[in-house]
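Take a look at this one; I'll ask things after.
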Amino acid sequence: MILDSAWVVAWLTAAADAIAEQAPTLNELDREIGDGDHGENMNRGFEAVRAALGDGAGGSTPSEVLRAAAMKLISSIGGAAGPLYGTAFLRASDAVSGRDELGSRDVVELIDAALRGIEERGHAVPGDKTMVDAWSAAATAARAASESGGDAREVLQAAAGGAEQGAASTDALLPHKGRASYLGERAVGHRDPGAVSTAVILRAAAEAAA
Amino acid sequence: MKKLVNDPRRFVAESLAGFARAHHDLVRVNASPVYVVRSTPGNGKVAVLSGGGSGHEPLHAGYVGIGMLDAAVPGEIFTSPTPDPILAATREVDQGAGVLYLVKNYTGDVLNFETAAEFAAAEGILVRTVIIDDDVAVLDSEFTAGRRGVAGTVLIEKLVGAAAERGDDLDSLAGLAERLVASVRSMGVAIASPTVPHSGRQSFELAADEIEFGIGIHGERGRSRIGMARADELTDLALDAVLEDLPRLPGERVIAMVNGMGATPGAELYVVYRRMAERLQGIGVEIARSLVGSYVTALDMAGFSVTLLTVDDGLIELWDAPVLTPTLRWGA
Amino acid sequence: MKKLVNDPRRFVAESLAGFARAHHDLVRVNASPVYVVRSTPGNGKVAVLSGGGSGHEPLHAGYVGIGMLDAAVPGEIFTSPTPDPILAATREVDQGAGVLYLVKNYTGDVLNFETAAEFAAAEGILVRTVIIDDDVAVLDSEFTAGRRGVAGTVLIEKLVGAAAERGDDLDSLAGLAERLVASVRSMGVAIASPTVPHSGRQSFELAADEIEFGIGIHGERGRSRIGMARADELTDLALDAVLEDLPRLPGERVIAMVNGMGATPGAELYVVYRRMAERLQGIGVEIARSLVGSYVTALDMAGFSVTLLTVDDGLIELWDAPVLTPTLRWGA
Amino acid sequence: MILDSAWVVAWLTAAADAIAEQAPTLNELDREIGDGDHGENMNRGFEAVRAALGDGAGGSTPSEVLRAAAMKLISSIGGAAGPLYGTAFLRASDAVSGRDELGSRDVVELIDAALRGIEERGHAVPGDKTMVDAWSAAATAARAASESGGDAREVLQAAAGGAEQGAASTDALLPHKGRASYLGERAVGHRDPGAVSTAVILRAAAEAAA
């Protein structure tokens, strides 16, 4: 499949499906080191996006669809994840504006922009045990795949794999941001829910392109 | 634990609907986007607005009214509201003198109110934001999200609300709020976990002889898990943590608060207050005013928190100033 | 369930000690014999006195103050006070105009207040007693101890207290109280059992899907054990029982109360109130005033009761009259 | 032992011991069909009596000691049982006033008077599933023992046995008085706590005389 606006719609729809399915797991992870609502929040957000896309919102370019989704996420997720994912998708939209189809380099820039957006909004850096760990691992893997000549689909596969590794890497980390940071040592050994939802979303992106 | 709910996803909306019907003389609840405003707008004064996740009732909606909050914006259970309702409420309560946001220090609240403030500013509405972080259970370091805003929030909302009613301008209200944040500290203990409606699961499991020490108000686990102890010992643990951290002089006066977490009966809170009052008397700290009850809760969590706010005559005057809200009422 | 207590046998005394410290501006607590009186005696008016077992806080001590009770006499947990403290409190609050006893209908309360009244009469103090029995869960027949006094007690104490403050004489106050008893009905539901401090055991065991319907406020089992249901269904069950029994006309006005049993958060009570208000609106009964909160509790029992009291303009005037107590405050 | 004031003191002391020991059982019985405090209440009352007797309160005749005990019970038990037991001991005191030693007929009258006092105060009749069932069975048994020539000690033994049977008989009864009456049918099959405490107290009377 070519990565046009239809792909973004397919991605967001696949993400909505996957988040709905994973919501209980995300709630449970958040219950361990947060307040137990991450799955609830993400599900509310992506169902809102799904509904908006159904109403033909979105647009004719990837950038327009991503912007429409960002707005929905900001206005429906709430909590910490809402502004963070909202900013991520806004920046991703900016990064690919004007293009009708995305190539491998565009995908790298899309993910990079999302990562930078989250870092700027939340002031977290890799290693703080947040979704940033998943996004940054995804960005690194995506860039590597693209530089070694991978096509857009391969870059998305790499990003998804990177995000999953980044999420897994949070188990060992001491939290420095978000609610988990209240627990300090007690949070070590637990996986960050936002990093996991990031991996779920990027895996959906890869599958939508497959 | 069982709950009086219908559809858990409608819990916040249905509870607010009942609240609106019971207190229509004092407040108006806007259904979509969801926010609560006082039914008689203060004319020309600075508006004081607060909000955050639901599950902490009567915070914040119970404090909307004359002499306290002009608007409260409740999110889903334990989830910060999104920028839209914050912005909508801001538009409704602004009377040209500006709007003061009192925000509890949680990443979600900070980011969503920040976003709303940017939109409001873009519309030419003057907004100042003060972050409340009174919970001494959390290490205040760059390696954490910083201290949480907990029960002290009520004291700040009352005092700042009174100053706004008096006619103070936006900058001096923000300054007052910052001074108050600097002089209030809280510490909480959970003896039973809350249950989040949508999951139906307890946020943490405690054995019959265990408690969570240094908890927040979202069912987060606390600073540590310790053995259940007598009320006086638990009170001492919490009070000592507060006293260690509170900048204070001997012989000074405080507003002392014992807050219930939602499922703890008032009679037990007075047992805690008794001990706290004796301890403070012992170290020469005068309790100028007190507040004992469930004012900032965590759904059906059982436990308590103690809060001390150092005050002077001016602040006591603001405390005694008339307040007419669904939860706090005096002098009016 | 865990409690914030030290020695269970000192629970009532320590809780009252904290209560006294927190509210010294409004009340004075006499340590031995134990009773609570308002700090500013009403001059020359009839004194209104109530009391009963502890564990129902804020009833009765929380309602001592201007415009409500002149004295409250708390017994041990769920145990009527003995005649001595009742008599001592009676002596202190009598100003020559007589003392009205408002007594919840339990054998222990009835017998101990009766004994105290006999002693007081022997000392030449005018005493009238009115028995409150608003609980429709109990069959009112010669084959029972009669209906229990429950949440409706607060409404009666407020209205009679206002009439006493106004200067009504003993006989008209007794007459008013009797009319109020005839026009108030309550029904309660428990979703979790209380735990009596001295036994540390739950008063009854409930499975996760069971509740007790038609409970009192002492952890007695209810009229029947039924399955847990949605808040609206539980509200309907309780409200229907009240409506069936309440002598009323369509288009009439009521004071509507949703009372929490001790461990139920306010947010859940508003879900119940929402349903009750919709139902009453549907049958053309106007809610003239409302009260939603934990006002008459059973230690840490979870659940609620609904109470309806039919009112006219005169009673609404008494309801709106100034009240200044630790628990209810308005107009003063 | 002759039944003089020393016997009354011995009786009340033995009763205080027995009530203290049985308090948990009485609480438990009351938890089933009442509010779980009967043992607590009775224990508070009889410890107050014990303390008063220790302070040399009481007096030189059975009647005086019984009256002192009655006053203590009224001022310390509370609840329903306080006024009822208080009245019982007041009437018992009146019934034997003036006598220094009690014979079998005096014992019968003492128990009869206590029973009538409780019935008048509480308006309960035998069969209502209250302490009256224990007292009335005790009175009947005492009268029979006395009429068939039993001495005071034998009459007390009979009274204690009767009270125990009376208490056991409450199991099958439907309650018509006190808290248990709120439960109606649900109380059937449970033993009335006040009837049991009555049996405990009368058994102590017999043992103090043995």
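A, B, C and D label the chains in the order they appear, each numbered from 1.
Note that in this section a residue touches a chain if its C-beta (ideal position, glycine included) is under 8 Å from a C-beta of that chain, and two chains touch if they have at least 3 such contacts.
Every value quoted in this text rests on a predicted model; they were computed, and no experiment measured them.
**Student:** Most remote chain relative to subunit C, going by C-alpha centroids?
**Tutor:** Centroid comparison gives A as the farthest chain from subunit C.
**Student:** If you average the CA atoms of subunit B and of subunit C, how far apart do the two points sit, in angstrom?
**Tutor:** Result: the chain centres lie 29 Å from each other.
**Student:** For subunit A versus subunit D, what separation do you get between their C-alpha means, in angstrom?
**Tutor:** The separation of the two C-alpha centroids amounts to 76 Å.
**Student:** Using the average of all C-alpha atoms in each chain as its centre, how far is it in Å between subunit A and subunit B?
**Tutor:** Using C-alpha averages as centres, the distance is 32 Å.
**Student:** Measure off the straight-line distance from the CA centroid of subunit B to the CA centroid of subunit D, and report it in whole Å.
**Tutor:** 55
**Student:** For subunit C, give me the residues that contact two or more of the other chains.
**Tutor:** If we look for residues of subunit C contacting two or more partner chains, we find none.
**Student:** What pattern do the touching chains form: line, ring, star, complete or other?
**Tutor:** Graph shape here is a line: each chain touches the next, no loop.
**Student:** Going by the contact rule set out above, which residues of subunit B touch subunit A in the complex?
**Tutor:** For this pair, the touching residues of subunit B are 53, 75-84, 106-108, 111-112, 114-115, 137-139, 142-145, 148, 196, 198-199, 201, 203, 216, 218-221, 223.
**Student:** Quick one: in the complex, what on subunit C touches subunit B?
**Tutor:** Residues 1-6, 11, 14-19, 21-22, 54-55, 57-58, 62, 191-192, 208, 211, 228, 230-232, 234, 262-275, 277, 287, 290, 292, 294, 297, 299-300, 302, 304, 329-330.
**Student:** Going by the contact rule set out above, which residues of subunit A touch subunit B in the complex?
**Tutor:** It is residues 24, 27, 31, 34-37, 40-41, 44, 74-84, 121-122, 174, 176-179, 181-184, 186 of subunit A that touch subunit B.
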